[in-house]
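Next come two complexes, and both contain chain A; in the first it sits with chain B, in the second with chain C.
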Partner chain A sequence: MTGALLSIEDLHVSFATRRNTVDALRGVTLAVNPGETLGVVGESGSGKSVTALAAMHLLDRAGRVSSGRIVFQGEDITHLSASALRAVRGSRMSMIFQNPRAALNPIRTVGLQIADAIRAHRRVSQAAATERALDLLRLVLIRDPETRLNAYPHELSGGMCQRVIIAMAIACEPDLLIADEPTTGLDVSTQKAIMDLIAGIAAERAMGVIFITHDLGLAAKYCGRVVVMKDGRVVEQAAPNKLFNAPRDPYTQRLVAASPTKVSRIEDLVVEEGVATLSRGPVFEQAAARRSAVVPLPVGERVRVRGLRRLWSDGRTSIRAAQAGERYNTIGASAPHPNPLPNGERERAEFGAISARPTYGSSPLLRVTGLTKRFGASTAVDGVSFAINAGESVGLVGESGSGKSTISRIVCRLLDQTEGEIRFDGTAIDAEPARTFNRSALRKDIQIVFQDAHDSLNPRFSAFDCIAHPLRKLMGIRGRAVLTERVFDCARRVGLPLELLDRFPHQLSGGQKARVGIARGIATGPRLLVLDEPTAALDVSVQAVILQLLVRLRQEENLSYLFVSHDLNVVRMLCDRTIVLRNGRIVEQGRSSDLFANPADPYTRDLLAAIPEFNPTAAVEAKVAEPAIALGAKRQPRARQVPSPGGEG
Partner chain B sequence: MSVITLKHVRWVVASNPLTLVAASGAIIIALIGVLAPWITPQDPLATDVANAMQPPTTAHWFGTDQLGRDIFSRVVAATRIDLAIALSAVSLSFVLGAVIGGVCGYVGGRLDRVVGRVVDVLMAFPLFVLAMAMVAALGNRVENVILATAFINLPFYIRFARAEVNVRRDSGWVEAARAGGENDLSIILFFLLPNILPAMAVQVSLNLGWAILNAAGLSFIGLGVQAPTAEWGIMVAEGARFITSGKWWLVAFPGAALMLSVLFFNLLGDALRDILDPRMRT
Partner chain C sequence: MRSARAIIIRVGERLLSSLPALLGVLVVTFVLMRVLPGDPAVFFASGPNAGQAEIDNLRQRMGLDQPLFVQLMHYLRDVGTGNLGNSLTTGQPVLTDLRQRLPASLELTFTAFTLAVIIAIPLGIAAAMRPNSLIDHGVRFVCTLGVCVPTFVSGLILIFVFYYILGVAPDPTGRLDIFVSAPPSVTSFMLVDFLIAGDLEGWMAAAKQLILPSATMALFVIAPLARITRASMLGVLSSDFVRTARAVGLSSVKINIVYALRNAMLPVLTIAGIMFSTMLGANVLVEKVFSWPGVGSYALDALLSSDYAPVQGFVLLMACIFVIINLVIDVLYGIADPRISVA
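After this line comes the complex of A and B, so read on.
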């Protein structure tokens, strides 16, 4: 204790909610030594941020330290008075926050804000404080610091805002710096610059750092010691090499396996089904749900929606019928269409492009030529040309502002291009403007899965309604029984437990919402699915499951993917070909395997070099040696699932 | 936002008991309004000059006015007409405001700017004076009081709906609806407006009290509802002449009814906001 800079001993923190109290921390013990960088890793809800906030006494009003001690430089600060705390906080101990823009006051210049931080603890004149602020801006390597001193936060990029926050945090030369996901939301190259900066300053001043992250690669690269947290407890701590190469705890093993690296394959990412009993996260719910038909409601309350109950019982009977027969053929047989369409149309409406899919010649499914999009004076996309073949998966990578999202929306006909041509299966789909493309016959062939699963689901729609919407609208399916059958089928294909269908988005976990979004995307049997960073907001273990789902779906449905992402490792695993974008232009494109092994363009090389990396080869061996998570065990449930996706419903 | 459970309502009531008072008060007033013709003990228009200006007695709970009419019956009967005016005015401005504001918020651009400036001009007028002018110009009828009240409320609804739709316009689920084949109109009507409904409901309730006051105010100065119809504003106006001679009951009872109904509807608005606020539900 005397040696440690900050030591947290058996800390319990609980939050009072309306129904009960939730234990966020259940006995966390960790210590950081002077000059040491301690990594705290874990998924959302693991309590890593709460630990930091408790140490800083920044818990919100509902949160309370129920037992345990926080000792800073030999002094027990667990129950420090507000005035005594002020002397510690910001001066001897300071914090960097996740969202730099939100942490800065938008109506004061950054120079003034840094000066504020200094004058809060030192008796210096405003001029001296400004002088010191300028030094600090130089220290955090902001270009042109004299001008930036008078800049407002909105005039700076995200990376620059984070540098300003760092400048504020180190203004009073603290002994301990707590960085809570300081680079989340920043591009990889900015991330690297910021992390290098923090590491450099910490080393120079022998500052202790607690670095909270969900990214194992970052933790491995920048930390001397790493603590793995789960459900408010520390499950394992060790030096990064030891921890990530030979994780002892099953949860760490799962986390390590799920983190994409330069060499990992999608098949290796998930070990959760073998060790599911050790976990109670959302992944567990899903894994458990796939094994048993009836899941307990883990979150929220059971909602009764008028009509859906009945629809439910309708669905159950038709599932049983569906199990008896073949997958698509039973749809018509088990539930006759109440309003039969003319013969040919009905075939098309019910069986969609899945059975009616033509065999493709050599011409690509999608060809984009000279695509340009201008917003006012700025050019978001500048002369981009590429093609996607049927059944192919193409990755679109680039940093923020590279135009990748704009391209995905133009391809999906949600946005009109300024110039250029888009041909889908030989048809010039840009003849129909985006505004009226909803009437096009090809609308159902091009679908999209959005980045933020929560934001993309209508808060007033149940999961069922979300998936049913394109079926009603684009396939013209009206009959309740047919619709129910089709929605259930989609839900089964994406591994979404049918019991969850009558829940509303806020009652679903992140992974479940992602599944609803994907189910909606594939509902109309599209030929091209645009995936706009579908896993960006998910924890790695959930991301791993979703990525596997995407791979399986592509094989089963013969889909083509346009996969937009900033995560190069994910793109490498999932995509046959990769396109690298920068400032709206294509920098490089080629087969993923070649492009990642031998990047031709210096920009691509920089991007690849900026990915934080840890070497998991030993981890893979350890995994094989560990019988509880043998690969056979994880394959089994999936093998059951693939031939009859609705088997358990 | 999507589903209000009984449990949640119970929790809001428990955390703020005033909610229950407000809701019961508003419901009682509404019931009185609906049932008025059947629960008035006497004909509110029947005069009885022999018994004029009687203070409250067991026969006439609120006393009688200068023509001997039963004030209690008149207060009860007035509830109906005042509520009817306020409700129709508010519904009218709610529907129009939601649609106009929704379209402006969704479409944006020039339409939004033009409508926005028109709304600004409307709001620059003293609203009660504007309503007076409208009723005077259109003709001294109850329908015109409704129209005028709806009209002066409209800017608030337009602004409110515009702002609420505008922040949701670019959300993922709206894009998803477009990818799902919806056109702009159905996105506004079936996706965006239902989502802003809870917030608008609060506005409606707060506005209701204000609309009652407005209707009573217009008839107080002799516009809209005409004597001898029982209406709170008219009753206060007629009774005001006698207050100096100590005949307080002519003014006090209709005045209290007016005050209580405005108060209850405002409190109900606060309660609704608590019930519908998603942040209150964790």
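After this line comes the complex of A and C, so read on.
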């Protein structure tokens, strides 16, 4: 490892929790050379951020390096004193983070913050530091830098904040920049701009970069070498085209397969066995659920304080979720159905398994005409018209601020429009204010699945109660036996192991919470399900499984989807038609296959061009031409033994 | 954007919008006083054997024979012209009484509040810097003790120890030792007036009188202030922007003071404002224990003797002070936190 800029050797990091210690890193070895860009990929919990934080000595109080070495520019910095560390951080090695808005001091102007970073290492006057800060803002391509110097973080967009943080990080010309998911949560076009900026600066200054991401496309595009991490270990490392075209490790194979690309189909995303795929029905699902291991909770796990704190911090989302699933009982069961079904049908729709639905003529299920929403002086949605047919899946894409979430909220009546008409199954629903829509008989026909699977579940409700809530409120189901049967049925349909129904949201994994959210959405047997970025917070492998679930549910229950997402590949795979939004207006809409193949509008073309692309040409089947630098098998005892594609070991 | 003009407009708006609340306070107190049992006329008649005629005469003079609504209208008219009525106990206009006594309460509260802030905030910060350490547990213990012991008990204990046993504190009899001559009144704040008069000996005497009651009051609010400071500081220290500050190598002083503390003080500011108003109104017990001639004990005495005007005046005064303090906090908050738009 001589000559490496930073080398991490067999690093172990553990976190002390109330009950025991958790090993976050179990022997990580990696190195980055001067001027090299090293990608670190892996899913949440794989330890990629912990590795970076350990190198920067930024682990929080509970984290501790238990063994291993961190060598930076030939110097062992594993156990550096605070003062020596201060000389390293910022001036020789710097770091930028996810969530740029929160990463800046909210009550200090960005100019002062950049000047702080300069003056931490250089003995210069405040005026000189400010002058330098201005240069840096120009360097990171911020428009109108003189004005921005005196701006507070909240006055800047997320992308701008990230540029400011980059300016701070490179202010003292470090030799190594660690970028921890710097573009997660930003739009594709902003993401591209930020990544190009980092790559440009790195190339210009011959700065080493460790780029941590969960997005294989980004890693492939910007990194010279990529390290794949899983469960606190490095499982594989190689140049990106080798790694992604011919992954050797089973985990990398799964990861590559699960990452949506321009050509991927949902069926291809999952190579893992024991997971529901398209052709498998509820019966199989149930068996699979039973088979899949449910990790028992340690005693006392049930009542953890975190849940309570969540209750306060996340109240808003869960209340919104509750609104979507609530109807006051006053009108309840007696409310006439606008489209009365024959008795038998109604019976089936309300209590039976909702499988085959009658098609309601040829008119679209949802028709939105001239929808406009203004917030004060700004117009979020500006005269949007579209329709969704029964059983159709329509994608709504656009950058943040394009109005896609606003439209989804208005369509499912959680928000009132300013103008415009919304007809659901021929009935105008725009007149019913969002506040009272929960009493409408149509409430159970239009349901929503929220972006944040965690925050949209009531932290004091078990998974069972979360799913039962709309059944109680909207269907008026009271009897314990009937309710249990219905909840179990919903859980089976979304592939949620029944053993998990007693658990509270914080005791479930991201994918399990997503399933609970979807089960709640379909519990009332809706005809239109609004999906507001339901997979945005999930790892790609979990996303793949959830996407398959959504495809299967749509087929089995004849559901219509309004799918909101910024991930264009996902929309292409899941949606029959796609609507592209910009600044509250529709710029283009059409069949997904046509739209993605031949975008008519320049804006759509830009959006598509900004998607980081990697092309694992039929990765799993590919014959391994040159063996990648696979690490010893003993480093991956937990990886499942999926037959290696080439057969060689 | 955050110009002085914007602040003035905001202040004006806030003052205007607080008028209905003040009116509500006036009416509610007025009605409450009338509903409470006790007839001031009976109370203030010349003696226990005063005849019905004398009482009726008194009632008529006090306007108590008129319907409640008419009384209320008269009262509102009086308040509107700046007349809060006369105290039957002291025989003086309520406004004069309050003007004489409010400085005593304010001086006591200010001192106690400053004392509490000076002690509580460093304690909170120290606890937050080393969570679950000995310091943290020590602070928690002191805080718990502070809240557990009622002010009149802690006041009596302080008097017992420092006056009776150690003999270092002066008699707990008001703002000034009877042998010290009061300074010429300029601000009505003893400490300030002594300083203006250049009488350092007198200043010391006044300060000595002040120290025990203000310590008693401070003890009670140290706990919430320190706890809020700790919680807020802990939250900020684990925030993303403090991590960024560490990542670019800022000094720990800069991180802890400029980045962490300034942000952590925002919620403390809000709580401190509420604390101050509460202290001002709730220091009756301390005023009683230390024979402090403040507005709290004045109102209590008036209440016990069914003397309407002083109680009403006191409540109105407190409501006004509450409005003003909230306003000050609001403006300070707007200056401290750029995210709050002032206009």
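Please note the rule applied: the second predicted complex is superposed on the first by the 541 of 649 C-alpha atoms of A that agree within 3 Å, B and C clash if a C-alpha of one lies under 4 Å from a C-alpha of the other, contacts with A are read in each partner's own complex, and residues count from 1 in each chain.
Operating definition for what follows: a contact is a pair of C-beta atoms (placed from the backbone, for glycine too) under 8 Å apart; a residue touches a chain by one contact, two chains touch by 3 or more.
Source: prediction; values computed, not measured.
By the touch criterion defined above, A:N105 lies against chain C but remains apart from chain B after alignment on the C-alpha atoms of chain A.
Look at A:N20: by the touch rule set out above, it reaches neither chain B nor chain C.
By the touch criterion stated above, A:S378 is placed in contact with neither chain B nor chain C. In the superposed model, A:R443 makes contact with chain B only, not with chain C. Looking at the shared chain after the overlay, A:R435 reaches chain B, while chain C stays out of its contact range.
Overlap of the chain B and chain C interfaces on chain A comprises no residues.
Residue ranges on chain A touching chain C, taken from their complex, read 56, 58, 60-61, 82, 86-91, 94-97, 99, 102-108, 116-117, 120-121, 152, 154, 165, 168-169, 171-172. Across the interface of their complex, chain A is touched by residues 131, 238-241, 243-252, 254, 258-259, 262-263, 266, 336-339 of chain C.
Chain B meets chain A in the complex at residues 1-3, 5, 7, 11, 171-173, 175-184, 191, 194-195, 278, 281-282. Contact residues of chain A toward chain B in the complex are 17-18, 301, 303, 305, 409, 412, 414, 435-436, 438-439, 443-444, 447-448, 450-452, 455-461, 466, 469-470, 473-474, 504, 506, 517, 520.
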